[in-house]
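Here's the structure, in C-alpha cells; my notes come after.
Naming follows writing order (A, B, C and D), and every chain is counted from residue 1.
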Amino acid sequence: MLLVRGGTVVTADCTRRADVLCDDSGRIAAVGPALEAPTGCAVVDAGGLLVMPGGIDPHTHMEMPFMGSVASDDFQTGTEAGVAGGTTTIIDFVIPERGGALLAAWKDWRAKAEKAVADYSFHVAVTHWDEQVHADMGTLARECGVNSFKHFMAYKGALMVDDGVLLRSIGRALELGALCNVHAENGDAVAFLQQDLLRRGLAGPASHPLSRPPTVEGEAAQRVIAIAGLLGAPVYIVHVSTEEAASAIAAARARGQRVYGEVLAQHLVIDDSVYADPDWLGAARHVMSPPFRPRHHQKALWAGLASGQLQTTATDHCCFCAGQKAQGRDDFTKIPNGTPGIEDRMSVLWHHGVRTGRLTPQEFVAVTSANTAKIFNIHPRKGAIMEGADADLVLWDAEASRTVSAATHHQNVDYNLYEGMTLTGLARHTISAGRLVWSDGDLRTVRGAGRYVERPCFGPD
Amino acid sequence: MLLVRGGTVVTADCTRRADVLCDDSGRIAAVGPALEAPTGCAVVDAGGLLVMPGGIDPHTHMEMPFMGSVASDDFQTGTEAGVAGGTTTIIDFVIPERGGALLAAWKDWRAKAEKAVADYSFHVAVTHWDEQVHADMGTLARECGVNSFKHFMAYKGALMVDDGVLLRSIGRALELGALCNVHAENGDAVAFLQQDLLRRGLAGPASHPLSRPPTVEGEAAQRVIAIAGLLGAPVYIVHVSTEEAASAIAAARARGQRVYGEVLAQHLVIDDSVYADPDWLGAARHVMSPPFRPRHHQKALWAGLASGQLQTTATDHCCFCAGQKAQGRDDFTKIPNGTPGIEDRMSVLWHHGVRTGRLTPQEFVAVTSANTAKIFNIHPRKGAIMEGADADLVLWDAEASRTVSAATHHQNVDYNLYEGMTLTGLARHTISAGRLVWSDGDLRTVRGAGRYVERPCFGPD
Amino acid sequence: MLLVRGGTVVTADCTRRADVLCDDSGRIAAVGPALEAPTGCAVVDAGGLLVMPGGIDPHTHMEMPFMGSVASDDFQTGTEAGVAGGTTTIIDFVIPERGGALLAAWKDWRAKAEKAVADYSFHVAVTHWDEQVHADMGTLARECGVNSFKHFMAYKGALMVDDGVLLRSIGRALELGALCNVHAENGDAVAFLQQDLLRRGLAGPASHPLSRPPTVEGEAAQRVIAIAGLLGAPVYIVHVSTEEAASAIAAARARGQRVYGEVLAQHLVIDDSVYADPDWLGAARHVMSPPFRPRHHQKALWAGLASGQLQTTATDHCCFCAGQKAQGRDDFTKIPNGTPGIEDRMSVLWHHGVRTGRLTPQEFVAVTSANTAKIFNIHPRKGAIMEGADADLVLWDAEASRTVSAATHHQNVDYNLYEGMTLTGLARHTISAGRLVWSDGDLRTVRGAGRYVERPCFGPD
Amino acid sequence: MLLVRGGTVVTADCTRRADVLCDDSGRIAAVGPALEAPTGCAVVDAGGLLVMPGGIDPHTHMEMPFMGSVASDDFQTGTEAGVAGGTTTIIDFVIPERGGALLAAWKDWRAKAEKAVADYSFHVAVTHWDEQVHADMGTLARECGVNSFKHFMAYKGALMVDDGVLLRSIGRALELGALCNVHAENGDAVAFLQQDLLRRGLAGPASHPLSRPPTVEGEAAQRVIAIAGLLGAPVYIVHVSTEEAASAIAAARARGQRVYGEVLAQHLVIDDSVYADPDWLGAARHVMSPPFRPRHHQKALWAGLASGQLQTTATDHCCFCAGQKAQGRDDFTKIPNGTPGIEDRMSVLWHHGVRTGRLTPQEFVAVTSANTAKIFNIHPRKGAIMEGADADLVLWDAEASRTVSAATHHQNVDYNLYEGMTLTGLARHTISAGRLVWSDGDLRTVRGAGRYVERPCFGPD
C-alpha cells in the first residue's frame, strides 16, 4: 500500500487538499483530507505538490514498422519515458499490413506490448474493407476491449482509405458502440503535391510542409465530419494542427454533432520555421504529418483546448533516429514520418498552457487525461482520483524547472524536439497501479508490469 | 446525520454506485460504495435513483419590484418551489433603484431573503456609474461575498447602461476578480421598435417578440463580447435565446476569449407560437425578455449545451399573476416581463435533454449545477458530491413521470408555462444542507433555513 | 437589317432609352437614342419593352445519352424552346464515354449540334485521366474553342473522378487558361446511401433526396474549392443548390480565391416537398441531381445572386419523358436524372427575382447572360448590347403574364416543372444573330441556323 | 469638342478598342471604333492608353473644420490634385456644427465648393436628432440632390450619434429613398481606451491605434448592420479597414441584406508599423481613424474588392500640415485625424491591385468609379463611357511609372503617405466635362469649373 500524503488533489472537476491511499491491487482505496497510513504502508510526501491523474497519451506508435523502418522506442522504453514525464497510460495503434487481418494484427501488437512498464490499450486501424474486416471489428469490439478504430485519409497507396471505406467502417463502429479516429489529410492532394515538388527538384525536408499545407488537413477534417454526420456517428480527429480543422470541429459541434479533436503538444509550441534549418538532419527530424505550421495556428489550438472544442492532447510519439531519417536524404517523401514527445507532453502543457494562463490546472487534467478517459470510455478507472479508480498518479511540482535534452531523456531516440527548452512544472513522482515508478529522477519501472486496458464499447443510445 | 443509501451517484465528472453520508453541519461526510450508517443516522433509500448535486438556478428574481409590480414568488415560496423540483441554491439579483447605492440595495435584498428555505446568493446590478458604484463594487466583492455584477443593455430609461458604463464596470470587476453578467438586448432598438409598433396601433402581446427580434439580442451579445475582449475580461451572458448570440459566444471562445452563456429551460422547449394565442392573458403570460423564439433557435441552444459552448441553465424565474400581467392590457410594453420556471427546470432538462440523447446524465449535472458552481466560484462546495461539500442533493427518479400543472405546483403564481406537459424524470427526494426537505411529494422545508452563500472573488491570474 | 426601336436597353451595367440596329452579319451595328432605320431595314417596335441581351444558359444537356436513355430535347427542339423563352445561347456538355477520347467526343457533339437554331458552345467533360486526356485538353483549348472542362464528383462507377484526377485536370486547365466546372456531390456517399436505402426497401423517388442530402453537396463543394485553392486555380461549381455550398463559395471568395457558382432556376423556386407526391411519376419527374431542397436553402441562393457571390443561372436542362422515367419504377437509382427548364428560366428569374425586389433588372441581366459571358470569356460578344456584339436580344415584356404548361411549351418533353404557375415577365420577341426568331408567340427559327461559339482561353496572368 | 482617338476603352463592363467624342456641353457624344473628328475638334491621342471613366472619390473632406483645425486642401487644390491623379468627381461631406441645421450647413458647403475645378457632390451628416433634422433630410433629398446621409458612431462628445439616432435617421432615409453612410467605430470604447492610455502616460501617436483596435471597428460594423437590418434598409460603411468589418459585411450580404463597404487606398497598402516611427511627426502624420492595421487585414480588404463584397475605394482625403498635427504633440487625442491621398488613389489601386493580378482592369474601373456611381445613383452619368454620359475620362498609361513625393504632388499638404513609392500606372491625360484638364503633367484646370452634382433619390421598391 502507498499513501500519498499532504498534496493538493487536482482533477478535471475540482481542486482540494486530500491524501490518496493506494491499495495493493493497484487501485485507489481512499481519498480524504487526512488519511491514516495503514500499518506497513509506504508514504510519499506530496507536500507542495499537485496530485493529479497520471497522464494518458491517446496517440503513440511504439516499435511501429513504418516507411521501411521500425520506430526506435519500443513498448518498454516508450512507456518508461512516459512514466518519467508523468504519463501512465498510452493508447497505441494496431496497424495491419495492407489487406491484413485486424484480429491477427491485434494479437501481434498484444505480444509486442507485453514488455510495457505501464498500462496500454489499442486503437485498431482499418486500412481496407471486406467482410473479414467487418467481422473482425465485431470480435475486437465485443471480445477484445477495442472500442476505437483508426482510419487514414492520407498515405495514398499504403494506409489510405477512400470515403466509401470510411462510410462502411464508421457505420459499422456505430452499430458496435465504438468510436472512429481519423488522420485527416487529403492523401490524393499530398501525393500530387509531393510528385510536383520532386519533379521540380525540391527534394529536401523544406518540401515536406509544402506537400501538406493547412488546406489539405482542413479539407479532410471537413470531409470526415460530413461523412460521420451523414451517419449520425461520433468521430475523433487525431492531431488537429490547423485553424481550419479546429474551426470545422467547432462548427460541427455547434450544429449538435459529437466531434472530438486531439492536439499534439508539439504543434502547440513548435512552428514551421524548423523546416528552414539549413542542417538537413535538423529539418528532417521535424518531419511528421501533419507538419509544423505557421504560428497563428497555435492560437487556434490553444483556444480550442481552453474552450473545450478540442478535448485531448497527445504526442503521436513515433521515434526515428538519425540513421533512419537518413533514408530520405535524397527524397523527402522517404523520410520516416514521426517525432518523439511522450516524455515532455505534460511539462509542455503545464509550462506553455497553465503558467501562461491559457489553461487552469483543472483544464490541464482534463486535456492530459480525464477527457481522453471519458471519450475512450475508461473513466473513472483512468483519468480520475477516487476510490476504486486505478492508482495511476502523477505528483506534480508546479514550480520546479528542468531543461530538456536528448542527453538526459528516457526516450530511445537520439534527439529531442524541445532540446534546450527550460520548462517549469515536472513530474516529481509517478505512481502506476499503486507503485512508485518514478521518484525524484529515479526510474523504478518493471518490464512487463504494464497491463492491457480493455475499453468497453458504448451502450446503445 | 443522514445516509443516502443504494443510489447511483452522478456528478459532472462521473457516474458510480455510492452511498452519501451527510453530517449535522450540513456537509457531506463521506462518499463510498457501502457506507455504514452511524448510530442514530437516518437513512434514505436511493435504490433505483440517481443521486446528483442539488440544482443551482443562477438566475431568479424573487419578490422583485419591476415595472410597477412585485414578483409574486417571494424568497420563501420561490425556494420551496425550487426544492420541490430539485433545486437547492439560487443566485438572485440585487437591483438598486435608479441611481441608488449598491451596498444599501444589497442589504435590502439580504433582509428580504432571510425567509428563504434553501441557500441563496446574489449578483448585484450596476445600473449607472459614479465613484460610489466603484467603491461599492469593491466593498461587495471584498467583504460581502459578491463576485458577480449584472448589467442590462436593455430597458432604456430604466436599468439600461451604455457601453461606457459597461467598460468601466467590467474593468472594475476584472481588477476585483469578479465576473460580469449581461442581459444582452439592444435597448435603443427595443424602444424604437416598441414605439413604432404602438404608433401603428399594434398594442397586444403579439407585438412583444416583434419589438425584440433575434437581431436585437445577437447584436448586443456581439457588442458586450467585443467590450469584454477589449479589456481581456471574462463575461457571462444571461438567457441566451438565439442562434445569433450562441454563435457569437462560440466564435469568441474559439478566439480564446472566456465567455460564458446561460440558457433558460423555457427557451429550450417553448417557441414563439405562444404569442399567437388569441387569449390575451395566454399570450401575456409568455411575455418575458428575451421572448420566445422561432423553433430553429432551440437546436442551437441544445447544441451549445451539449458541446460546452453554453454552460449553464437557469429560469429567470420572475412571477406575475393575471392581475399583474393585466397592467399591460392596452399596451404590451407595460406587461410585467417574466415567467415562472424554477420548479420545473430540472425535469424539463432531463425529459427533453437526457431522454432524447442530447445530453448525457453527467452533462445534465454540469448544466444544472456544476458548471454554475465553477463559474461563480463556489465549487466544490456546491455542484459536487464529495467529502466536505455542502450536502445539497437531489435523488432523481429517471423513470417516473408527472404532468405539470399550476394546480399542483409550489410556485406562488397562477399559471405554469408547461401546463399539461408530462415530464419523465423528477426529484423523488431533495436534501438541503443535510436535511430532507422534499420527499415523495411532501415539502418539509423550514422558513429561514436557507443560508446566504458568499462567493469569493477569483484570484489574480 | 433590323432596327429595334423605342425600347429601354438594360444591360448588366446600365439602363437607358436606346434603339438597337442589327446588321446582316448578325452583329449590332449601332446603339443610340434615336437611330435612323436604313433603307429596307425591318423595324421591331420595342415600345414599352426592355431590350436585354439574349439569355445564355451555361448548363444544358441536349440529346444526352445518360443512364440508358437519351434526353428527349435535341439541339433543335432544345434551342427552339430556349428562343421562345428569350435564351439565345447555350453551353452544352460533351461527355465522352467512360475512358473515351475527349476530342472524338467533341466531334460527335459538334455533329449532333448542327441542327441547333441558336448559338451553342461546349464544355468538355474529363471523366478519367491519362496522357491522351492531357493532350486532348490542349488541342481542345488551343484549336477548338473550348475553354472549360467539366468534372463529376458524383456518379460513382460512371462519370465520377477522384481527387487525383481533379488535381491533374484543374492543373492542366490552369496552364491552358481554361476554367474547370464541377458537379459537386460526394459520389461515394451517394452510392453508400443509395445502397442503404435500397437494402431497407426504400426504392421510391422519395429516397432520391435522402440519398443526396445537403451535406453531400456541401462537402464536395468544400473539397473542390480546397483542391483548386491548392493550385491557385479558379473553379466554377455548377448547380449550387444548398446553403452549405453557397457558404463555401462565399468563404473562399472572402479569402481571395476566384470561385464561381451557378444556380438553377428550378432550385430557386421548387422545394423538396415534390418528392412527397403520392403519384410515382409526379415525384420521379423531379428526380435530378442535386435534388430539390428544403425551402430555407432558396433564401441563401437568392442572397448569393443578389450579393454577387453566385454569378450565373442555368437549367441543367435534361429532359426525360414518362416512359424514360419509368426505367426506375422499381429502383429510384435507375430513374434518369434530369428536368426540363430552358424555356422558363428567364421568366422564373424575372417573376420571382425582379418583381419581388430581390434583383434589380440590371442584376437580372448579369445573372442570366452577362456574368456567364464574362466567366466563359465570350463577353462582350455575348451578354452585352454594344456595337460589334452579336445581335442576340430579347425584347422583354415586364408586365405581361403567362401560365406555364407542357401543353403549350416548346420543350420536347411531356411535362413542365412549373405547370400551372403564372409568371409575369416574358419574351415578347427574341432576336438571334440579328434575325427575329420569336415574335409574339410565333416561332420563326431555322434548323441549323445556330453557330458554334468558340471560346478563347484566358491569357496568362 | 474633343476626340479621344486610338485608345482602349475600359469600363466596369467591358474592354474594347474605341474612340470617344466629347461634345461642348461636357457630355460624351459618341463611342465607337473609328470616329470621325468633326471640324474644329481637338484630338487627343490615346494610342497605347486605356480610356476609363474618371475616378470618383466618394469620401473627401476639403477645407473641413475638424478638431480645431481646418483641413489644408480646399475645394480648388483638392480637386486639382484629384484631376492630376485621374479623379474627376468627389463626394465630400457637409458636417453641421453640433446641433446645427443640416440645410444651412449644406448651403455653407455649397458656397465653399464653388471654387472646385472638377465636379463634386455632398453627403450630409446627421449628428443629432430632432424634428428639424427630420424635415431638413426631406428637403435635402427632395430639393437639393442629396441622396446620402452620414453618421458617426465614433467621436464621442462631438459627432457621435447613439443607436436611437441611427434608427431614426436610417428609417427616415429609407422613406426618402436615400442611403445612409456610417463611420463605424465604437465611440464609447475609443473614449475609454484613450483616457486609459493617457492616464497611463502613453500620450504619443503610438497610442492612437491602441485606442482604436480592430474590435472597435468590427463591433460597430456589426451593430449598424444589425440596425439597418431591423429596418430593412441598405447601409454603406465607409473606410472599412479590418477583416472583422469586411466579414460582417459579407455575412450580411449572404443573408440577403444590401450592405456596401468602402475601402481607403491607404489601408490597402500601409500597415500599422508606421506608428512605431520614432519621429513624432512621422507617426502623427499617419494618425487617421480608423488607423492603419496589422498587415493581414489588407488581404481581407483586397479579397473583398475582388469578390465584390466591398465595392468602392476612397481616400477620406483630409489634409493637415505639420503645424496642425503639432496640436497633439503632448496628447495623441488632439492630433487632427486625417491623411491626404486623393492624388494617388488610382495609381495605388492600379499598381498594387491590377499589376499584382488581384483585380482585372474592369474591376479597377468598378472600384474606382462605376460602383460608386451606381451606389450613389449617378450612373451612367458618371462611372460610364457611353453616349450621353458626362465626359469625365482618364487616359491611363498602364506602363509608365512615377515616384510619389510631396515635393511634386498637387495636394496642398506638406507630406505624402506614399513618399518615395514608385507606382506603375498613371493618368496621362484627364478630361473633365469634355475639357482636357491634365495633360502629360500639365495642370489646365479652371477655378470654379466644377459643377455640383445632384444625386436623385432611389424610387420606392
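The rule we apply is simple: contacts are C-beta pairs under 8 Å (C-beta built on N, C-alpha and C of every residue); 3 or more make two chains touch, one makes a residue touch a chain.
From a predicted model like this one, the values you see are computed outputs, not experimental measurements.
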item: Steps needed, at minimum, to go from chain B to chain C via contacts; value: 2
item: Partner chains shared by chain B and chain D (touch criterion as defined above); value: none
item: Centroid comparison with chain A (C-alpha atoms), farthest chain; value: D
item: Inter-centroid spacing, chain C versus chain A (mean Cα positions, whole Å); value: 50
item: Chain A-chain D separation of Cα centroids, rounded to whole Å; value: 55
item: Between chain B and chain A, distance of the C-alpha-averaged centres to the nearest whole Å; value: 39
item: Shared-contact residues (touching 2 or more other chains) in chain B; value: none
item: Every chain pair in contact, whichever chains are involved; value: A-B, A-C, B-D, C-D
item: Residue ranges of chain A in contact with chain B within the complex; value: 11-14, 16, 31-33, 246-247, 250, 253-256, 258, 299-300, 302-304, 306-309, 357-358, 370, 379-380, 384, 386-388, 461
item: Residues of chain B that touch chain D when the two form their complex; value: 156, 162-164, 167-168, 186, 188-189, 191-193, 213, 215-216, 218-219, 222-223, 226-227, 229-230
